[in-house]
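Both of the next two complexes hold chain A, though its partner changes from chain B to chain C.
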Partner chain A sequence: MGLREFVIRRLVQLVFTFWAFFTILFVLFRMVPGDPTSMFLLDGMTAEQREQRIAELGLDQPLHIQYINYIEQLLTGDFGQSFIYREPVIDIIVVRFMNTIVLMGTALVIAYLIGVTFGALMGWWRGSRFERGGIVVTLVARSSPEFWVGIVLLSVFVFWLGWFPSSGMRATGGDLGGGFVQRYGSLDFLRHLFLPALTGAIVYLATPTLLMRSTMLDVLKADFIEIKKAEGLPERTVLYKHAARNSVLPLVTVMAIATGAAMGGSVVIETVFNWPGMGREMVRSVNNNDYPVAMAAFFLMGSVVIIMNFVADLAYVYLDPRVEYE
Partner chain B sequence: MSTQTPSRAERLADGLERRFDRFRDGLSVFKGDRLGQIGVGLLVMFVFVGIFARPTTIEFLNITIPGIAPHDPTERAVGGRLESPSAAHPLGTTDRGRDVFSQLLVGTRVTLLVGSLAAFMAVFIGTNVGLISAYFGGWVDDLLMRITDIVYAVPFLPFAIVLVAIIGSSIVNIIAAIVLILWRSTARVIRAQVLSHKNRPYVESAEAIGASDVRIMYRHILPNVLPLAFLYAAFAVGWAVIAEASLSFLGFGDPNMLSWGEMIFSVYNADAVRVAWWWVFPPGIAITLFVMSVFFVGRTLEKVVNPELRHKE
Partner chain C sequence: MSLLEITDLQTYYRAEGGWVRATDGVSLSLDHGETIGLVGESGSGKTTLAKSIIRLFPDNAEIHGGSIEFDGTEITELSSKELRNRIRWKEISMIPQNAMNGFDPVYTVGEQIMQVIRHHEDGTSKAEARTRARELFDDLGIDPDRIDDYPHQFSGGMAQRAMIALALALEPQLMLADEPTTALDVVIQDRILETIKAKQEAIDSAMIMITHDMSVVSETCDRIAVVYGGRVVEIADAETIIMNPRHPYTLGLRNAFPDISSEDEELISIPGTPPNLVDPEEGCRFAPRCPFAEEECWSVTPEPQSYGDGHIVECHRADEVELLQEEAGKKETWMEQDLGKPEELSTDGGEPQTGRSTDGLEGDHE
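Right after this comes the complex of A and B.
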């Protein structure tokens, strides 16, 4: 099988996965207790208005027609109206989605930068105290749930030392307005970003660190490392230019898994730090039975994971010339 | 019957001996591994605390073993509100005057329950899916692996939140939500392992003498992949406990069962993180210690499963 065929097959699989995910969502949100139509209705509607709305949404149709309509709506980005905010879900969710991506993206980038460096050094100095200590530290970090790491950082840096603000995204209320630069470009924003991003980074550090270390151990056994050493190249050059570079590849595949974990983590981290993102919105909407918002948030999180899985697969075959398309 | 062929009893003894050797081999790995020892030690402690936290009555012996927890965890006003640690309340009291230390001990139970049950079920499903998928191949393999791919597309915690919110937050539903996602990694790994075993001579000879598919799968192949399943079970315990704690922290825990995550949820909701360090730190540390201990045990088991790792240290 050639590269082109692999990509096509993977694309078909992508579409199939999306379809299955849509179906899971459909089934899940039809299991809502009571009348499933209630999730599309606003309080304080008269019986007539209700009926009209139900007809408008096609909820009086047989289930399979509803299912087709539902998929059509998802594909066109029509998630309905929020019960609480009384405005289209899409308007509510897009800004918060951006906030979540900025937060979790920062956390993952930090986790990978530190993890790769740390893991490479642990592999390089294997058997040393540094390596053994490093393993314990990473395992302890990974054993802590995100909310717990967040609360510890909050206790130390906010309540005790008072270095950082405790919650939100900026000091002057109104977390959501403004353009991109206005929202994410200020020093104040970075001060708010620091602790939640650090929380994510600490928890997601373990996977790249341990994986980098173990691939380093394999690569260091290879002959070409011995040759490079024998050539008299400085240790640092061998480490960074030859050993580390060849060990980075497997990290691409766990990127997708890390993104999935980060999507779940955003729910918790945003709740702890009151970050105006999609995760916190999801908890809030589920608590308020605001199902259209909950569904949209869940849909976006799943989509990010599916797309990242796809990108990781493609990146892997693109980067590794030895890979076989099975 | 010639005397050359070993009798059934002899074969059984032989098998037992080999199994015992393997078991001893496994133990010897623990002997050289400090982290593994710490993990086992901590786990034993947690199990002990979990069982004896509250008074237990053994019916047929008609004896009652007193609980370790000094107070009933829901007992109100045993002390003042938000009292810092004292001799009477080693970890202080909550905003409702309940004893934190007792809550901490009793909270061990949910952790043990969710950790063991969810992990067992997830690994049970995952192992079967992987085994069936790899053994039969073809469309069965395709179908099961596509399902696994789809489950990989579902974000764990958000799924659990939505499911528990919809079907109700009882401990059974929480475990179900965790299991529905957690089996996926075991299925993939076991499948890969079974694929490598499928064409080995021992399987071919079993086929040749006419053993049934079920017999080959469960009698011949399964014992060889079981150590790997145990390894994944250890990690699954850790993930399940973290998931339960996160759900409880977000307020979706079982309202009738006190857990560590729920304790932190209460502190957070009472806005007491700033003042009551004795209330927020113990449950958090307990969660970390518990998950850490299963991860440490898992890492040591990994060396039993994959002997090559023993030289990597």
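Right after this comes the complex of A and C.
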């Protein structure tokens, strides 16, 4: 089978995955207890008002009608209105989603760059002091809670050294609008980004480092590594071009999954650094039974996982010639 | 002057209990264009001996003593950089046992051949290297267009040919072939061996053929060195080793391989396992498994004795060649012997080895 056919088949699979994902989301949200009006009952909402409100939101329809409406809305990119803000969900969620992606994307890129490099060197210098020290440092980073890492960084870099701002995304506040470059391209933004991204990087560092190290150890046992050494190639070539290149393959999959998890797992970091991201928004919406926002948030998060897995599959084809297109 | 002169080589591995003497006082010489076979069981130290020549061993191994003189250069004294740039592959290349695993799976075979050519020959353009790789493939009976294929797209025999192409790429003076045909079926085995021989003669390269298969060495080698317990216990020209060996271990090895010409011959294996090489005791290392072991064999390490024409044997009873050869041909001789040291037999019932096996020591690089 050709590459083209493989991609097409994979795309069809992607559509089915999304459909299954939509449906599960829908079912999950109809199963959760409480409805959006329950928060207002104490405020003296009458039974009629409540009925009216539920009808407004379309929640009095039979489930299958609700389901069809829901699919229709998703396909048109319409996530409905927030029950609480009374604003289109899309306006609330997209900007926050971008903020989270920029923050966690930076953290993951740093974590994986450092992790892959150090993991490769730790495997290469097996049994050295570097390896032993590296494992200790990695495990300490891995076991430190995110909020604690964040607080330590805050006290050192903000309250003690005063090098970085303590919270938020920008110095001037104001609305979160503006173009992409305007929002994320300024030096001020980068100064705000540094500490939260570093916190994320420290927390996410362990997985790529340890995984890279252990696959390196396996790859270094392979016959071809010995042949490459026998060929008289410089150590650096054997290390990077052959050993590390082969060891990096399993990391592609792990990175895809980690990206998805990071989108949801950013809530602690966003809270510590007061980052206007999606993690916090998601928690808020769930607490308030704000179904449309929560659903959109889950939808975006799940989509990231699904799409990243798709990308990982394609990357695998490119990175490993042995992958058969089945 | 010979191409390679190994004198009293000791390559040891650090182990928990002390030093594993994988190669323990080996002397060997090799002429230009000559093929020598290293025969012995797994764990006998034959691979370590061969890899010592290019100092290709794990971090816990080191050359403890002795010298390796290759074409006027003392290998043991070279810096690793000199070794890489002057000796490895350019002068001494390798054909591994399993060619499929000898290539990096993520690059095409052609890329890997071109890489080694261009690394060792400054100024060779990509196009030139590519032409050379295609020529090598053509020479070895592989379609030149297949240089753009990945290793997993080759069959076992084809991969082995490609590996030979790689080994020949720089026309080295010496090739180390580590059981180059063990992973292949018999028909292909034969063809590969012929190919290796033909190419070796064409570039007048010497070869060290490592194998545990007597039939392979008898076909391909000028001389044969029998390795046991980290030492060369018998060395002579191929015919002598096959027809007229003097060491009981060689006799035993010969028994263990089928002779197609005489169908009814029963295979006889050597009971017991290779010796533990961690700080071995004085005495012949084969004694625990040797049906001819006498008191002297247990207490005195045999010195090499010469029997003319470069036939050297390390055995106290090598003079009694007629007796050894006659008795060694009988199954009872091997099966009914008591393994182990005589005084220990009464207590522990003759378990041959109590120490750690050295199996898997060779080539296992951790």
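Side notes on the structure shown:
One rule holds for everything that comes next: the second predicted complex is superposed on the first by the 271 of 326 C-alpha atoms of A that agree within 3 Å, B and C clash if a C-alpha of one lies under 4 Å from a C-alpha of the other, contacts with A are read in each partner's own complex, and residues count from 1 in each chain.
Quick note on the criterion: a residue touches a chain if its C-beta (ideal position, glycine included) is under 8 Å from a C-beta of that chain, and two chains touch if they have at least 3 such contacts.
These figures come from a predicted structure and were not determined experimentally.
The superposition on chain A brings chain B alongside chain C with room for both. Of the two partner chains placed by superposition, A:Ile84 touches none, neither chain B nor chain C.
Rounded in steps of 10, the angle chain B-chain A-chain C defined by Cα centres in the superposition reads 70°. When the two structures are aligned on the shared chain, A:Leu28 is found in touch with chain B, with no touch to chain C.
By the touch criterion stated above, A:Gly127 is placed in contact with chain B and with chain C alike. In the superposition on chain A, contact of A:Val252 is made with neither chain B nor chain C.
When the two structures are aligned on the shared chain, A:Leu233 is found in touch with chain C, with no touch to chain B. Of the two partner chains placed by the overlay, neither chain B nor chain C lies in contact with A:Ile101. Taking chain A as the reference, the larger set of touched residues comes from B, when chain B and chain C are compared.
By the document's definition of touching, neither partner reaches A:Val7: not chain B, not chain C.
Our summary of the superposed model lists a minimum C-alpha distance of 7 Å between chain B and chain C. Taken together, the two structures place residues 126-127 of chain A in contact with chain B in one case and with chain C in the other. Contacts from chain A toward chain C in the complex involve residues 126-127, 220-234, 237, 242, 245-246, 319-322. Chain B makes touch with chain A in their complex at residues 35, 146, 149-150, 152-159, 161-163, 165-167, 238, 242, 245-246, 249-251, 261, 264, 268, 273-274, 277, 280, 284, 287-289, 291-292, 295-296, 299, 312-313.
Every residue of chain A that touches chain B in the complex is listed here, in rising order: 13, 16-17, 20-21, 24, 28-29, 31-33, 126-127, 135-136, 139-140, 142-148, 151-152, 154-155, 159, 214, 217, 260-261, 263-265, 267-268, 271-272, 279, 282-283, 286-287, 294, 297-298, 301-302, 305-306, 309. Per the touch definition, chain C reaches chain A in the complex via residues 54, 56, 59, 83-85, 87-90, 93-94, 96-98, 101-106, 108, 115-116, 119-120, 150, 152, 363-366.
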